[in-house]
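The chains carry the letters A, B and C, assigned in the order they are written, with residues numbered from 1 in each.
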Amino acid sequence: MTLLETINLKKSFGENVVVNDVSFNVDDGEVVSLVGPNGAGKTSLVNLLSAYLTPDHGQILFKGRDITSLSVSERIKIGIARSFQIANLFDELSALDNISLSISARSGKTYTFLSLADRDTGVQNEAGNILSLFGLDDKSNIPAKELAQGERKLLDVAVAYALKPSFLFLDEPTSGVSTRDKAKIMDTISSAVRNEGVTAAIIEHDMDIVFKYSDRIVVIADGRIIADGPPENIRDDKDVISVIMGSQGNEV
Amino acid sequence: MDIFILQVLNALFYASILYLIASGFTLIFGVMGIANMAHGSFYAVGAFVTAWSLGFLQSRGVEPWLLVFFLPLGAIAVAILGMLIEPILLRPFYQRAHEYQLLLTFGVLLIIEDGIQMIFGSDPLLVDMVIAPFGSLQIFSFRYPNYNFVVIGTGLVTAFLLWALMYRSRFGVVLRATSQDMRMASAMGINVGKVYVLAFGIGSFLAGLGGAIIVPTQTAVVGMGLEALIIAFVVVAVGGIGSQLGALIGALLVALVRTAGVHFVPEIELAVLFLIAVGVLLWRPTGLLGNAP
Amino acid sequence: MIIKIGAIKNVAQSKLFVISLLIALVLGALPFILGTYQTLLLAYGLIFAIAGLGFNLLLGYTGLLSFGHAAFFGVGAYAVAFAARDLGIKNMELLLLTGILSTFFLSVIFGIFCSGLTRIFFAIMCLALSQVVWVLSNKLYSITGGSDGMSVKWPSILWFDEYSGSGAFHRFIFDYYYYVLVIFCIMVTLMWLLCHSPFGKVLQAIRDNETRAQFVGINIKKCRFISFVISGSLTGLAGTLWVPLTGHITPESLHWPFSGEILFLTLLGGFQNFSGPIIGGIAFTYLKAYAVASTPYWQFVLGVALLLIVIAMPRGIVGLFSSLIARFTSRSERG
């Protein structure tokens, strides 16, 4: 069943067309990777889908409903969440509070004024469970700003995960993380996502990770989709690989 | 008709002073992101230093036409003050939350406001003797002092010089680079410390100049700096904080509104002024010519 | 693991409760030791602590610097003066109600204008709005008495009669101190709960990272608005409590330098701590009282004090002491 669908999505900044006529869809329960050279428009696409940007043209459908004009918070309500390329956290709050914030926002507890947040055992326990799921249970009382880079990226994903979305966008969850930790992070994310049956779209540069963890790969270059298929097909397509790898050469 | 022309001239006169104060404020904010709370007090210091020095020189027998050349003393004094305050007081706090800079300059404001009283006493100072040598101009039925044209001209010349400095000089390139990205500028080999102290010095000089050239027409009184600060806030809020053209347009608008306000609704003209600032902030939070935050 | 953390928090919270209770008891006993003047000063201190608590909900917890809080304080005070003069109300409870309602409405109006803005734009908007109120209070002298202001008589408190005759001043100050102390304790408790409630966490989240707050589904503007209204109303309550003590209100307490004083006291105590503005309010009252008494240049003294605070203890009095205590305890644990 199609969960998310885009129709002729387009976005430009002045002369620069960053997302050009993109139509694709994601099925329920799929883990899709978005790959392509830097500046190909992957993050812009995710920004459009999460309402961080408004498209100039085109439509976004979620569960068959047109959500193009919905705001960030409205999209979160219907179950679309995202993480960020550069860890985007509540720096002064503890890791546990970062998660509990998502949970209480999700469960409509934002406007609870006169009861102690840390006495809400329901929220606290759930937040604790999510922290353990992401292997951060020993960091629960540490302010987010004092966490290591890899831990911050994990927490960033965990904050989005705690919203219990049906669709989760992950913008380079392993960037800025040492190669050693990349697999660990992806294992964690992948098992969390698959256990809950969450549909995910991941932007990723590391092709080993992409081939290992995704059900399907969408290749984007110059704002357009140039290939779309299961990992084995993409791996064998030399032209596509050279576009992707060429970009990584440039990156270095 | 006569009154209309007179009012327009008065508005231009007032706009010139406002522009001098606001352009310095907006320059400092644009380059180093500091909302200098003591900026109005700098203006007051410029007025008091000029008034006191001219009074002193006159008592020593210096001719009025010669005194004119000593008007900029106040501006120079304030520039020196600013170039001491920036490196000593503000520089250690650039890495900290911007509340600290606000507080430090607020502390400077309190010190200067009382410092003026300690040094110059609380009697108002006036040096109107420098107006007479300029003579006056007959416009229809009234005579308008030529000195006021000098003030208007000073504003115009300053606007031109600032534009030339920002967009036609090497220092302007450095200044703009630093204001856009201090770390990048530093990495490119720009001496950011030097740029900051100069920018703060120029900004302070402009405020001091405003005070120095107004003091022949208005007495230097305790508290003048506080009012100037608040009006400067309104000017930059309307024009767009950090924008030099915004400061010019904001100064003209505020001067016109106040002149018209004093004429038509004298009781609440200040309220009208603040409401205009509120309106602009609601409509365009970054001011008429400000960049998006 | 989770239960253990919960237990640690419970211990810390009960410790805090005991300490607060002890402080409240000491504050309750002080008037018996202090003279009338010192009691009066302490009452002022508690009132400014309430004003600072309100202000810091915005600055410390929501990350918004208001430069117009004098408007709430002043309007709270003027509301009392009007109610006493024009409606003949002598009862403090009714005066309080009038003050709170007036500042509540004012905060709602200001909040509508301000809650869409941040940073310096927010500060200038607050400033401009409060200056409008200040101009009006000056110019509408047929109603407000202009720059001469209005005087306010001692109200009656609860069931106590009006204060007159010999020793009235002493009795009024003594009774009023307790009145202020009770309200102070209630407000501190409520604000402590608020700051540690889910909503308090939401405010801190918005302060830390507006974008992410939006992306967990928080309605930022609405939360800022609510925070603004609570903050303004609380500072207004302080103004309401303040005016019967001074007996006089002038536009000075609506003017922006007074907003600067509220900012000053909050930073003096430390805006990164819940208790910062409380300590700051009391410390500021004494600092100002002694500076004013000892020199005509008290602003100069305050200015120097401000510079010293920022340079020597940027986290305020509370921050300084908590780091001293932390250093001391870690040393004693080691040794």
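We adopt the following convention: a residue touches a chain if its C-beta (ideal position, glycine included) is under 8 Å from a C-beta of that chain, and two chains touch if they have at least 3 such contacts.
These figures come from a predicted structure and were not determined experimentally.
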### Summary
In terms of CA centroids, furthest away from subunit C sits chain A
### Summary
Using C-alpha atoms only, the most centrally placed chain is C
### Query
What whole-number Å value describes the gap between the mean CA coordinates of subunit A and subunit B?
50
### Query
If you average the CA atoms of subunit A and of subunit C, how many Å lie between those two points?
43
### Query
In whole angstrom, how far does the Cα centroid of subunit B sit from the Cα centroid of subunit C?
34
### Query
What are the residue numbers in subunit A that touch two or more other chains?
none
### Task
Provide the residue numbers of subunit B that touch subunit C in the complex, in ascending order.
29, 35, 89, 92-93, 96, 99-100, 102-104, 106-115, 117-118, 226, 230, 233-234, 237, 241, 267-268, 270-271, 274-275, 277-278, 281-282, 285-286, 293
#### Entry: Of all residues in subunit C, those that touch subunit A in their complex
1-2, 5-6, 9, 13, 190, 193-194, 196-202, 204-205, 207-209, 211-219, 223, 226
### Message
Quick check: in the complex, which residue numbers of subunit A touch subunit C?
### Response
50, 72-73, 76-77, 81-82, 84, 88-93, 96-97, 100-102, 104-106, 109-118, 120-121, 123-125, 128, 137, 140-141, 159-160, 163
### Query
How about subunit C: which of its residues touch subunit B in the complex?
59, 65, 113, 116-121, 123-125, 127-129, 131-132, 135-136, 139, 256-257, 260, 263-264, 267, 271, 296-300, 302-307, 309-311, 314
